[in-house]
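So that you can tell them apart, the chains are marked A, B, C, D, E and F in the order they are listed, and the count of residues begins at 1 in each.
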Amino acid sequence: MTVSPQPAISRFPVPALADMPDDVRARLLAIQEKSGFIPNVFLVLAHRPDEFRAFFAYHDALMDKPGNLSKAEREMIVVATSSANQCQYCVIAHGAILRIRAKNPLIADQVAVNYRKADITPRQKAMLAFAMKVCTDSAAIGDADFAALREHGFTDEDAWDIAGITALFGLSNRMANFTSMRPNDEFYLMGRVPKPAKAG
Amino acid sequence: MTVSPQPAISRFPVPALADMPDDVRARLLAIQEKSGFIPNVFLVLAHRPDEFRAFFAYHDALMDKPGNLSKAEREMIVVATSSANQCQYCVIAHGAILRIRAKNPLIADQVAVNYRKADITPRQKAMLAFAMKVCTDSAAIGDADFAALREHGFTDEDAWDIAGITALFGLSNRMANFTSMRPNDEFYLMGRVPKPAKAG
Amino acid sequence: MTVSPQPAISRFPVPALADMPDDVRARLLAIQEKSGFIPNVFLVLAHRPDEFRAFFAYHDALMDKPGNLSKAEREMIVVATSSANQCQYCVIAHGAILRIRAKNPLIADQVAVNYRKADITPRQKAMLAFAMKVCTDSAAIGDADFAALREHGFTDEDAWDIAGITALFGLSNRMANFTSMRPNDEFYLMGRVPKPAKAG
Amino acid sequence: MTVSPQPAISRFPVPALADMPDDVRARLLAIQEKSGFIPNVFLVLAHRPDEFRAFFAYHDALMDKPGNLSKAEREMIVVATSSANQCQYCVIAHGAILRIRAKNPLIADQVAVNYRKADITPRQKAMLAFAMKVCTDSAAIGDADFAALREHGFTDEDAWDIAGITALFGLSNRMANFTSMRPNDEFYLMGRVPKPAKAG
Amino acid sequence: MTVSPQPAISRFPVPALADMPDDVRARLLAIQEKSGFIPNVFLVLAHRPDEFRAFFAYHDALMDKPGNLSKAEREMIVVATSSANQCQYCVIAHGAILRIRAKNPLIADQVAVNYRKADITPRQKAMLAFAMKVCTDSAAIGDADFAALREHGFTDEDAWDIAGITALFGLSNRMANFTSMRPNDEFYLMGRVPKPAKAG
Amino acid sequence: MTVSPQPAISRFPVPALADMPDDVRARLLAIQEKSGFIPNVFLVLAHRPDEFRAFFAYHDALMDKPGNLSKAEREMIVVATSSANQCQYCVIAHGAILRIRAKNPLIADQVAVNYRKADITPRQKAMLAFAMKVCTDSAAIGDADFAALREHGFTDEDAWDIAGITALFGLSNRMANFTSMRPNDEFYLMGRVPKPAKAG
């Protein structure tokens, strides 16, 4: 089995760093500094700087805000949503982030295939059941769905967080599928191998 | 049949104008100035200013940008997508905008029920067929779908516009369904009655 | 956007009034007298007089009979069913009738997009939930569905009315979709603008 | 395995022959004279004489009219439609009629399970493919579907016959499912055993 | 209606008895001895002896083992599963076996079309509801489904039997559909006509 | 996030090695010898030795036989099928085997999420498209599907291999979902990290 040496990361042109607006390039360089590489979603969406800025503003508003959902739980929602939408980029990239946030090398694959059987709490399963209804049948959401969340201690603001993350990544999944966005090779192994303890 | 005098426009608290951040309030006052009323989506989303800003930045980036899709065509995509997602707010509010943009009092209801039978061109039907695939089965989009668009003269940048609008309103539909966002009464009649010619 | 001056109302030949059997023509003239125009369903189905007679006999047996369902409620069932079947003619024509029967300019669009969020009573929502099960999954109807109706005061005869209307308009929707039956322009605005009170 | 001695044939009251309107009773007696028993659909629908009359008028207009579709072909449409709608009464009763009309003891079970593998002609498979689209996705019917029929020699009037039969039995299936209409025991064996040739 | 004189029983070559491995031929001769004919599934699968042996070993392990499910109940599961998968061979062949095992000429057609309305016990309906979930949505099976079985007296081992039969015939249905396996004509009438009592 | 120290690998009792029949235990010890651990599917299915033997005989007949499909291609079919059926055990365990067989650390996650975008050949995508039709809509398989395979050089015997593997793992997926079979922790990392070249 051979893979072409440099597979395209998008159906669309990907701008060179030098050709990007300053603020877009700055975000890419910052993430590269932090992660060691630039996740392809930044490069692919940089083709349209205004949409890039809006998407990441929305992302930060939901993923970096304070709230009752842990960072790992937010990534669980992303992975489950992206799997329901069969989005290769997001399942693989956010699977990596989920493993790191949860400090659990098994959880992302479990949630991607069938969250009902994942090593997560009943509360987290209720969270994902709500997310899946937003993802696939939002017109039918009603009082009973909010009540089911409250039974697990979720507030209505938490419900908004869950719905918002699901809705935003539904957008992201459609754009990634549409552009044939390719996940970076780096994501596949991230968070799977525990880091060795530092020597004293 | 009686309707409660002031039905809620959201499951969530709606901030008073005085309590909104200045930029959010400014946007609402501007739209009120222009339209004569504040569409409820602005009030409902103002509950979360950061998400509000990101959503409307994304909206403007796609709906106000130059491009080959007419304003009416962009609204057709919104109406067809919102109908597929059974979003009451967006079908009714953007149906009104579509009637006005297209100067056609019939088109919104036609597109909402079955775009294949609407009074639109074959090119517009191809545009909506692509949008519906992004909406309901984006993982299966492939070369043949882009080729079908090109046969009708759409460029790949037009395809991005179609996909982007579909994806953004998929987000909007899920948030509107989740919050039980209520369409303003004003929308139902807008664009249905031709304005009388001005007297000389 | 231009619309062809006289769009076809059917894929099939539409008989001239003069060429119709007397009883069929009489029904059309009577409705014209009453409504001011002939709804296209009468013209399109007149292509087959025997089926025309049977269809309207069935229609009258369900829609004009006495019973616990109000006229407006029967039209709600028609609109919800026709929306589920994506029937442009019936959603638009019966949407008009629903607005008139309910004396409510908003209700038809609400029921067409998502009856769960319409300005209707819990009893009416239960009625439409039953209708939707007849429409999309009749093989699974069982005792629990009848019990749910009874909780809202519906008798078994009311259930027959609901099921019968749903089933008949399922037939009508399929024929309208198949013939590409076009709604009359008149329907779009009917019932949307309150009539001015008569001067004293 | 025991079966209750006289299982109900309907959830609803079934009128005694003596209590039926004369024309309804006359039809039942005529069919009893001809068939040796009264198919339960006549008894169950007689609960509502006006709907009974309309249903059978519609039935006769489509099933007894002259046309290019043979009697057996019309019953194939009924069986395929009723199987798609999981209607026990209609699959079993019209399966019997199909066997008799086609003089083929195997065909009904084949069509009920998967018409694509039945001992029927390619023309008949095209007919049933069209019927299945009317049954399950009528909003998507377009020129290509009519063209596919024409390739097999079907006229547009034949298409109306196919669509009409599919739509009418869609109604019938929903009413039979809703009423829990029970097929007569007689139907199961009809047309399965060839009649012995009469002695000279 | 004409049927080709000797319709193929498979898309694939069917080996002659003389060319089969001894153990495969022995099984075919034994069944022929017992039933009076060789069911086509044996002939079609004999094209691949190793898979033949594994399939029938699996079959015997589930269908011939002792357990709380009666032989007739096991065949109900096969018929319901095969109908859900639209497998002509299995619905018709196992419908025959079900009639014989249950000594009931009506039951197979009832279960094939809609088990919810069949002349079976509530316990058997619960059994088939569980089987249908294994058949169509196994990823969602959870504690509640096992609890529903226990309410009807089924043990967890019974649940395994139900699931195993459903899963094995899901395999069989796919292979029969894939090979266009044709049911033997003999099956259609088997078990429909009660055998005359033997003379004293 | 904490995981219970020894999560169950099955809803059902798992026999001790000492309590298994000799042939079953021998197979487990052989796989343990080769792989360094016993995959849980062997332990879970050993609860029923006769079904165990039949399942693995079927498995070997399809997965170990000579043929035109490479070992990696067979595992691609397993992973795609198991993902369509949301089977956690099989996606994770056979994902590991696919990585090893294909000597490609990325391929399994790609195929699991969306095979259309995986780093595989057009021939392999055609193979998986056929497998997915066997998996989800086998009743509609017809000549055109075989023709599509032949265009890529697949013989009809290859088609049988594809269908057989898909059907067998459809069975396996349902049993794994039903038993809540847990993947061994070892699988998650297998084949992801290239082995270091041996020193000279």
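One rule holds for everything that comes next: contacts are C-beta pairs under 8 Å (C-beta built on N, C-alpha and C of every residue); 3 or more make two chains touch, one makes a residue touch a chain.
All figures in this text were calculated on a predicted structure; none of them were measured in a lab.
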Any chain that touches chain F and chain E: A, D
Selected pair, greater C-beta contact count between B-D and C-D: C-D
Chain centre separation in whole Å, for chain F relative to chain D (CA means): 45
Approximate Å spacing (C-alpha centroids) for the pair chain D, chain E: 27
Residues of chain F engaged with two or more neighbouring chains: 86-87, 114, 139, 177
Touch-based graph of the chains, sorted into line, ring, star, complete or other: other
In contact (per the touch rule at the top): chain pairs: A-B, A-C, A-E, A-F, B-C, B-D, B-F, C-D, C-E, D-E, D-F, E-F
Chain F residues touching chain E - in the complex, by the definition given at the top: 11-12, 47-48, 50-51, 53-55, 57-58, 60-62, 65, 85-87, 134-135, 138-139, 141, 146, 156, 159-160, 163-164, 166-168, 170-175, 177-179
Residues of chain A that touch chain E when the two form their complex: 114, 116
Chain F residues within the chain D interface of the complex: 139-140, 142
Chain A partner contacts - residues on chain F that touch it in the complex: 1, 3, 7, 72, 83, 86-88, 91-92, 95, 102-107, 109-110, 112-114, 117-120, 177, 180, 182, 185, 188-189, 192-193
